[in-house]
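Single-structure report; data block below.
A, B, C and D are the chain letters, set down in written order, and residue numbers restart from 1 in every chain.
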């Protein structure tokens, strides 16, 4: 089969490799219909993710058709259309039972990382019963791919951890795919306003289309000032960091109001300065999270009910080649 | 001034009575701009509410202009436009501190009940600082009257107590004003579907306009059957009782799914049968609540942000006469 | 092997039957070390539980040693000492993922009910990885048996659902094994007082030994009056029903304070009267629950840390014969 | 009257000054019976708290007897024994209504800071009805003084924000008065173990007496290593920072487990390094809080019920001179 192989920093190649086969009882082999390229894949290609060995097939998102199932698989059979979660969950360990399969003792983020991934014609998925989701017959495939990683990440790490509620003022720093996923799912809770901040006017325009109340281009360094003016000096209820650098985490600290939340979504490569000399008395909550994808069934229901339209996040389609 | 006086069951009269004056330091006297007639007022007129003495001025909803304030009032001054909460809160007792002013030791529901109410040209409001809300300059007055009682009741007793969340299937039994208020505010949480059940097709039509996904006229006794069919036999996540009789509470018990919520909103005059022989093992939660109006600031923000349009609930206007 | 067989209402017999064997990949066969007789077993013998067919081996509690494991079992191996949960959890269905394996689509309460149980020398346990718990080397076996059903039932249905918190006044109606389990685990949350009500002075004496602040023998019909006097007429924060009859559920309704919780633990065979004409305005929460045993790991940690001493609940030991 | 006056960094003096009198309707004047010296007072004397003007009477803790009340005070009268909260709450503003009087628009921490405090024979307390608590007749005065600040601080900032629950492994870094208050109140929730870390063996000995399961002297730099060994490399569920410096906040970051909480209690004078490059994926929650003293009624009940013994925190008594 064809697969996209990582050959060390900066090097990837579409190659012909053997089709994967079942190894353990709970495994399934899935024929990929659609996959995507995640920001994390770009990090891998830069050499930022040392757990990815040379020779690895990349990719941790996608949808497909079940091709084969191991003897331990009971929820799926050959021919079923499935959504592949970016997080593999054994469903049995302490972390899975706590609703935190991101830290599953045998799973977590392993696809396209420590085992071969989805940018290929076929992929072996361990613990298939607890790592795949059935796709309802009438669901659009494009929409479904967004549920592998981006939407649960925006929703769990940003919206749920940020505890967005009706009437809130929310700020999202970073209008990339995950920031926009947070923007879409924040609207589940009817906040009074959602301010989106970015350096790129095209992304801000997209944010506006997707429901941002206000957009701010922060390239002139005035974003904090503007947000404080808009909130009467009080700051926002929820600030979501969706970039992964010190500067944007810094903006969050400056605009969060007393009693507010900073929900970190970004993947950080370096430490940041936390201004406890100001924040110790501000009754704030800061959260971090690797997506658990435990919200995927809820998001699926929301898509099927027309409350969430993930296709809006898609701009381009390509063939695997 | 003119006021609507209760003279015992079935008897009310618009009369000329003395204008109220300040009695205690935290009092305010408010000149009424608009008020409404609540279903509870009709109960009073039937003689169902023994705490209401003859001679009482009716009414517990309304908006107005501050006319006079006592020495203990610091948040309001003459000329301020205010929303009158149906619940009077001292802000100091154990219940007020627990966020439950419905049971305030000196307040609770007293306006138009144990003290004179708002269906008059002026009303004395005790504990004004914690029982009135400032109305923003640009707010529409009609919308604001709906915030005195109906909307917080639907939201607190139905939606918050029912713990509505994205992806849920919600059923509202009763499409009167409070049922419709629950319908409007349930949409804050993006449930996958909202089923509204009533005996009156006009009310059901209104429910459809206001966002119901499905409406069911239960006059043929098939509502339970239909809901169970729609949910694949699983039942709903949240059932709200917005009528106040045994039959509708019975429907809730039949349609609630395992792990679901029954949120009672209705005012009941008689006991009901609780089917614990079936429900003991169904992991359900039943809640009751007299509205606390603690959500009024949140609802005000939502109205100002255009996320809630309470004017939709208004069908008729009358002069006080 | 020897096993206790149900032969219809009132009839049970210790018989020689074939040892169970593995049927599905996730099965384990466990050699029983200790088991117990649950109140539910007595209900079955009365013929109250129609799902139990004649010929069934009774019992849903116990500890044992793994004798054999299917190919789908990865957490346990032959010779491991295990605690058998009264609830069988597939770990994969919607209910298991929601933390509610009591309603597992393939499991739930099936042992000694729809499949053969633990009052035997061996038992086949389906979904072993998610239905058994490893017993730490130093744990006392007697204590562990209490963790199969009684302690999670008291804790989940009574204490967690009742939302017991520091400073609370708690009442437990019924001082049988499950009421005492609720009494022990309510003390995890340092309530200010725990009132235990029963008709039997011996049970009340046991309750006192296990931490009850006050005990009340309700045989003279004055329990409600006493509780209201003790609480200055306010009623209790949490009332737990641990009997399963209308009279005790009635006491809960009379003593629960505004804003309080009624946590039903008892198994009810008939409907009860719910006094909504009084309770509709009292801001109360009523919960029901079939135990999920999701708290078993927490309870195990608490036993190992010496914070919970389940052996106190044991009065007698018998050989299987 | 006599009062302890701040005269700039390093300078304080016990002086004769005029007795305070009522200024606003909600004021009370309280005759002080007992007060204490808080760590914050030492910070003020170092000149670290610029809001404290020269000439200010210090002190924000204490108990006393009501001497005089303004016309707006309804809950207290002359001669009542009261506990003075370190936080003054108007009870009316947005923050007070959110349960966050630490940020009260007219109150917050003002006693001994922006207005005269309690280290005097008399003190004027603004918003007396919502800033004082009645002391039950039988309560010990020494115990009560600990409820002004230290105990609610340890409980709210450490235990509640840290979300301590039964079975948890908790670490408290810093065994000063507030760390010990966190230690006492953490035991409300029956954690499996509480590890206390400090540099001073006397403090650690005190921690052991008050319920610490394990104590670690961190002066040899091996505290992190020891905690990780004790927890099988998983880290703790809750780490509380009760010192206020970068090094101890650093220990918290190293020992917190995936899914765990860092609850900051300490007052920080400088920023700290937050290791997001490691923590972004660890699903942790970091909280900060200026005590709100909303838990004081709960703590009072716990003291009266014998579940909390604050006198254990007291080592020395002095006359005001």
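Throughout what follows, a residue touches a chain if its C-beta (ideal position, glycine included) is under 8 Å from a C-beta of that chain, and two chains touch if they have at least 3 such contacts.
Keep in mind that what you see is a predicted model, and the values were worked out from it rather than measured.
S.K.: Among the other chains, which touch chain A and chain D together?
M.R.: Chains in contact with chain A as well as chain D: B, C.
S.K.: Per the definition at the top, count C-beta pairs in contact and tell me whether B-C or A-C has more.
M.R.: B-C
S.K.: How many angstrom lie between the centres of chain A and chain C, each centre taken as the mean Cα position?
M.R.: Using C-alpha averages as centres, the distance is 40 Å.
S.K.: Identify all positions of chain C at which a residue touches two or more other chains, and write them in rising order.
M.R.: Only 297 qualify.
S.K.: Please name which positions on chain A make contact with chain B in the complex.
M.R.: 165-167, 187-190, 192-193, 213, 297-299, 301-302, 304-305, 307-308
S.K.: Which stretch or stretches of chain C touch chain B in the complex?
M.R.: Contact set of chain C toward chain B: 95, 98, 100, 102-103, 244, 249, 258-259, 264, 266-277, 279-290, 292.
S.K.: Which residues, counting only chain C, touch chain A once they are in their complex?
M.R.: My answer: residues 25-26, 71-72, 74-75, 90-92, 94, 97, 99, 129-130, 294, 297.
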